[in-house]
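Letters A, B, C, D and E name the chains as they come in the text, with residue numbers starting at 1 for each one.
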Amino acid sequence: SGGSGSGGSGGGDAIKIGVVTKTDSNPFFVKIRESAKAAAESEGAELIALAGAFDGDNEGQVAAIENLVGQGVKGILITPNSSSGILNAIKQARDAGVIVIALDTATDPEDAVDATFATDNKQAGVLQGKWVRAALGDKTPQLAMLDGTPGGTVDTFRHDGFLEGAGITEGSSEIVGQADTNGDQTKAQTAMENLLQRAPGINALYTINEPAAAGGYEAIKSAGLTDQVTIGSIDGSCTGIENVKKGIIGATVLQFPAKMAEQGVQAVVQYAKDGTKPSGFNDTGSQLVTDKPVDGVESKDTTWGAENCWG
Amino acid sequence: MPGAIACADRPLATFPLNSHVRHVKDIMNSTPTSAVVTPGQKSRSLLERVIREPLLGPIGALLLAILIFSIITPTFLNPNNVSLILQQSVVVGILAVGQTLIILTSGIDLSIGSVAVLGTLVAAQALGTTGPFVALGATLLVCMALGAVNGGLVTVLRLPPFIVTLGTFTAIQAATRLFAGSQTYQVPEGPLTFLGTSFRIGSFSTTYGVVAMLLVYALVWYALSQTAWGKHVYAVGGNMTAAKLSGIKSDRTLFSVYLVTGIIAMIAAWAALGRIPNADPNAYQNANLETITAVVIGGTSLFGGRGSVIGTLIGTLIVGVLRNGLTQAGVDSLYQNIATGILVIIAVAVDQFARRRTS
Amino acid sequence: MPGAIACADRPLATFPLNSHVRHVKDIMNSTPTSAVVTPGQKSRSLLERVIREPLLGPIGALLLAILIFSIITPTFLNPNNVSLILQQSVVVGILAVGQTLIILTSGIDLSIGSVAVLGTLVAAQALGTTGPFVALGATLLVCMALGAVNGGLVTVLRLPPFIVTLGTFTAIQAATRLFAGSQTYQVPEGPLTFLGTSFRIGSFSTTYGVVAMLLVYALVWYALSQTAWGKHVYAVGGNMTAAKLSGIKSDRTLFSVYLVTGIIAMIAAWAALGRIPNADPNAYQNANLETITAVVIGGTSLFGGRGSVIGTLIGTLIVGVLRNGLTQAGVDSLYQNIATGILVIIAVAVDQFARRRTS
Amino acid sequence: MTGSAQGKTPSPYALEARGLVKRYGSVTAINGADFELRHGEILAVVGDNGAGKSSLIKALAGAIVPDAGEIRMNGERVVFHNTRDARAKGIETVYQDLAVIPALDIASNVFLGREVRRKGIRGSLFRQLDMPRMRKESSAHLADLKIGIKSVNQAVETLSGGQRQGVAVVRAAAFGRGVIIMDEPTAALGVKESGQVIDLIRSIKDRGIPVILISHDMPHVFEIADRIHVHRLGQRAGVVDPKQRSMSEVVALMTGAERPTDDERAGRV
Amino acid sequence: MTGSAQGKTPSPYALEARGLVKRYGSVTAINGADFELRHGEILAVVGDNGAGKSSLIKALAGAIVPDAGEIRMNGERVVFHNTRDARAKGIETVYQDLAVIPALDIASNVFLGREVRRKGIRGSLFRQLDMPRMRKESSAHLADLKIGIKSVNQAVETLSGGQRQGVAVVRAAAFGRGVIIMDEPTAALGVKESGQVIDLIRSIKDRGIPVILISHDMPHVFEIADRIHVHRLGQRAGVVDPKQRSMSEVVALMTGAERPTDDERAGRV
């Protein structure tokens, strides 16, 4: 089985693996890329890392898959930009005998790929939401939401999960402001500054990732409202954990990108060796990290976080 | 040879172009309906007419890139891989035709990609309630309407195309997301994905999208070089005042270019659904920069009035070849970006060098 | 009044400008060192010299926007909010000065944001091993070197600025990510974040970054309008051939513009660290489009040779006011984008209208 | 567009203007100018630099829309919104700044705005241009002027100043049916080439088409003009008969050193 | 840059060229042209359109670099890589296409490339331009030409064709010290204004500065030139003495209808 796409030529029998991330810019994907590189090296495999040009660059990811298949890889690890946008290319790759593993983001339907190694982003959002709500105590939430890119799969899962966890419905008056930040700190800061001008009573802040949280915090700090606003976030980068420790972010949800990448690479190598295909959704887990634990949400402290963070 | 030679009243035996002078005089004396042409035209084959001298640079750069990649990677010249490069170039390649037209009029279209993306969503949503052909018709209408908005603002209000299309780009992109509820829409196989269908010519397999792209190029090449409309496009872009004084309906020409670009965006939207049967409001965000790059690499002047659509095709292919070839060579995307940045500059430098040689 | 009047050999009592003619003749007869000037100049105050007629349009658009937002929102004219708008404009505003210079030479700089971003990372990383002033020096060197690369490719190889800076943009962005491992680097408070420090003038609090921005504008305004270098920049952008024939060191002028833009990018990098004390390889990705927008809204021609840096300041503020004002008015971000797109077009339309009135 | 003159006896004027005004900001380029062109005549327009000659003929050619005043052709009121309107009435113009497209070849420039399509379906359906024919015709016309153009495929930007002017002259001469206006058509031309343009103007007159010639070249003007319109300070100072006035008198009129007679001032010569 | 002529007796020529060649692709614009300009003389250069006159003087002014041939000033070999090199030797040129910057005002155009800075620290340290002085000087120079320019703050693009030419002429006349070259300086000028340029050229000669005048206006040429260089087919056909040859003979020489004498061919007049 397999190998039909490789053309049989090339030097030696080093297994070639492709990894296609959403972009090259997000440290999360950089962590995936680097962990995959390291894992591949230790397995004696060769890894080619490609990426889309921006969040939503389906064409770029499709081209990357096509070019990797043409190059003769055994398996492709991909963090799909949109859960359904690149299914054709994935199917063609699988038809050519390449196994495709989704990392971080599941495809829709899930069995479009051989296997998925991912965080449950919705669940991560729920954790953030629950914690923020509990930390607010009796106060009525006055929530600002610093979203990522409108329409991104992960962005939507986290956003929806947060609202579910916080017990707030979309469109409710408890949401006093929302802005798209593309997960970018500068944009997040400008957006938060402007939101605070309009709604100085904001007491809860959802952020799509830790850079957005840092940007939001800068704005809150210069407005002198640090005591008033509870900030939640998702990612688990070491900078983020550090920020939790400093009290800049109230709590963050730690993800495990290195686990996803390592398991993915190992699965491809396994397949190349004996044809065993991985399958199904493999949750790599998410963990709330905070130094201010609340009742009803299981959490770990920043010391644990600093040991398990990435980047 | 000095241009003054036709003034010579006496034969100048030592003057090489004298025979040409006589020839011109013969024409003057011949009956006006005779088919005598000046020597310069006689020797022009179709190929020469399609590939004009200024294209030698881009073609050279493309061939050089192909040569290098076929040497350093074993897979690059596979028919499959060549077909892939073409398929990957389809959407941006089609959009780049519209961009060429607009840049020829000394404009620029930053909205072109967003129009096509909105087109894919209109098609996908209309498909649910109507048939595929109505959906395609609706897409065409929407894309043309947006082209008309751009064109109207540029011609009637005389606003700078950069600002107009930046404004519509921003507005259309946001409107698309609202319209789509930030969702993506799957499109089932059918007429809407037709341009993604493969077929074989001998052992070479390609898609109808590639054919559509080549057709668009051929059509617009024909319109630009063989019709009065084309001359007017060059005239309007080369010197608007002179074009007006020459009695060209410059506003109408300008407006028509934006309308045609709308139609081209619709074809690109169709091809995009063929390539990825999933309408996504976040797709093709860099199409404006990518198309402009293809146009400029192809030797078209950003100041208008000079250039050709064939150059743009070559420009598109150069970018496609670079991306594919670098992947074949096992280069990671960050290094690919560095390499692409440098190679694009080199490609244009080769062009400049070739041009200075021939002029 | 016809321009021919100075030719009049006899007094024309009915002709209103006749006194002016006599005036000019007086000048001719006066000693060359006398300080007599033509009436046109006498009445020009400093303000008039700074705010030239073509700026009335952008200024009108800005005032209109301010008026509308101060009516529909209660918070807009708060000193705090005004200060915020200025602070939010600092980085793009400074970069837009460099962009203006390059556009005046009929170029374009797509790399300007990426140079500044690389600058922030160089500063942040150098800070770890050296002192803050060495770090700033290193940043200046890197930014100037990149400006020199752009300028060298444009002047020596005569490549189109669009392609050169697109190439360097792509390459620098990728290189920055590699260099930083896509990590962000926190910068502790100190000289590197100095431009983020606030101070008060009366009840109005602002940052040194705002002051730096205004200083950069003032300096470049002076250089453009009061020095020979400025005249040469306009000449090179207005008509390169004529500039060359007039004996201007056109290549040197062009190169110097790219170098100065490098310096300005360094100042922007410094201001960026003041605003967000965290060097992020992914920041300011849209700076190229944003700066070009500010320049064009400010009335500078993308074809070079016409425009002013004061217009760019107003253009920057228009964008800042729109974004802030729409948020104050409670408009959601997608609707904000739609509104911004449309409002930017309206701002430029107001400008065009004002211009047609005055010409 | 039809004015009150309809139904009267045919007008003696091919082209006529009354009280034209055109302002550019604070500059009044045309300041209430009158103008009359008789059928079949060659009318020279002379005047100092900046007198407003080009502005005047631009108004007559539809290139600028006057702020006030009216224009009549054959006694009938006409309004030109653009050069196309004027062209439709048979008015062809050589502009002082030539109005050629540098990057286009000579043949395309000559036929710009009135391209010839191929015969048959290639022309009607596919709208293909008959480039060979346009090339042949342009090169025949240009050969008449003997300005030494090598090939009509050349881009206009590669031509010398005089050759460029030749292209503009040929374009107007080839297509004018009603009135041909030439704004300093020989300014960049050599002695021989100027002579050929003068011959060309004469042959246009022989075809019965009136010509307006703006020129600073007094010997040429006196050689060829039937009447001379003297323009000064944005107005018509008067119209003189070259057989009754000397060159130096005309120059004096241009500068205002001499006064026109009442008939001259009223254009009755 | 110093050639073999050094140390010899002083050259009779202010500017001199031998065997200049310049090709544009397949067009040879200068085809082995010789050229001599004597000290203090006015040398007219005449020739058909496209004969290569502009190309020749562009080579002399450093605007194009010839493919072959050599140029000497006062007998000394010079190589001009650009117009700055020629300017540094005192050669000033009015180009046929004027070389003005449309968007800049008149004063800035006149002083372009040699701006005057303010006195004192404002000029030396802050490098501020002395715009009032530049304006005053330009308007004084322009007033001499009487081309009716209202204000030197006007952008050049708002001027009439003739006024624009005046600006270019003034610029060259004001700054030339070695040689002044004028390529058809009166082409767009009116009778009076042309006369003023001719007077200006005479006054330049009176200052002892030699002038090269390209013109198609034979009466002007014969009025003012000390010698006439006839250019034909990219070469010097000969140099004639306007006192010995008639206008029609010179025109005949330009077209090749008449042959120059051996002395004329060798430039020995």
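Basically, contacts are C-beta pairs under 8 Å (C-beta built on N, C-alpha and C of every residue); 3 or more make two chains touch, one makes a residue touch a chain.
Quantities reported herein were computed from a predicted structural model and do not represent experimental measurements.
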Greatest Cα-centre separation from subunit D belongs to chain A
Relative to subunit E, the most remote chain by C-alpha centroid is chain A
Once you find the CA centre of subunit C and the CA centre of subunit E, what distance in Å lies between them? 40
Can you check how far apart subunit C and subunit D are, centre to centre, with Cα atoms defining each centre and the answer in Å? 45
Between subunit A and subunit B, what distance separates the C-alpha centroids? Give it in angstrom. 38
For subunit B, what residues touch not just one other chain but two or more? 1-5, 7, 177, 334, 336-337
Quick one: which residues in subunit A touch 2 or more of the other chains? 24, 150
Please list all residues of subunit E that touch 2 or more other chains. 24, 27, 47-51, 147-148, 150, 159-160, 163, 192, 255
Given the complex, residues on subunit A that touch subunit B span 7, 9-10, 16, 24, 46, 48-51, 53-59, 62-64, 66-68, 70-72, 81-89, 149-152, 156
For the subunit C and subunit B complex, residues of the former touching the latter: 106, 110, 153, 157-160, 162-164, 166-175, 177-178, 289, 292-293, 296-297, 302-303, 334-338, 340-342, 344-345, 348-349, 352
Taking the complex as given, what residues does subunit C use to touch subunit A? 73, 75, 78, 80-81, 84, 88, 91, 174, 177, 181-184, 186, 198, 272, 275-276, 278, 280-285, 323-324, 327-328, 330, 332-334
Residues on subunit D engaged by subunit B in the complex (per definition of touch): 63, 82-84, 87, 93, 95, 98-104, 108, 112-115, 117, 126-129, 131-132, 135-137, 139-140, 143-144, 146-153, 159-160, 163, 192
Parts of subunit B lying in touch with subunit D, wherever the complex brings them together: 1-7, 17, 20, 24-25, 27-28, 32, 35-41, 222, 226-229, 231-232, 234-235, 238-239, 241-249, 305-306
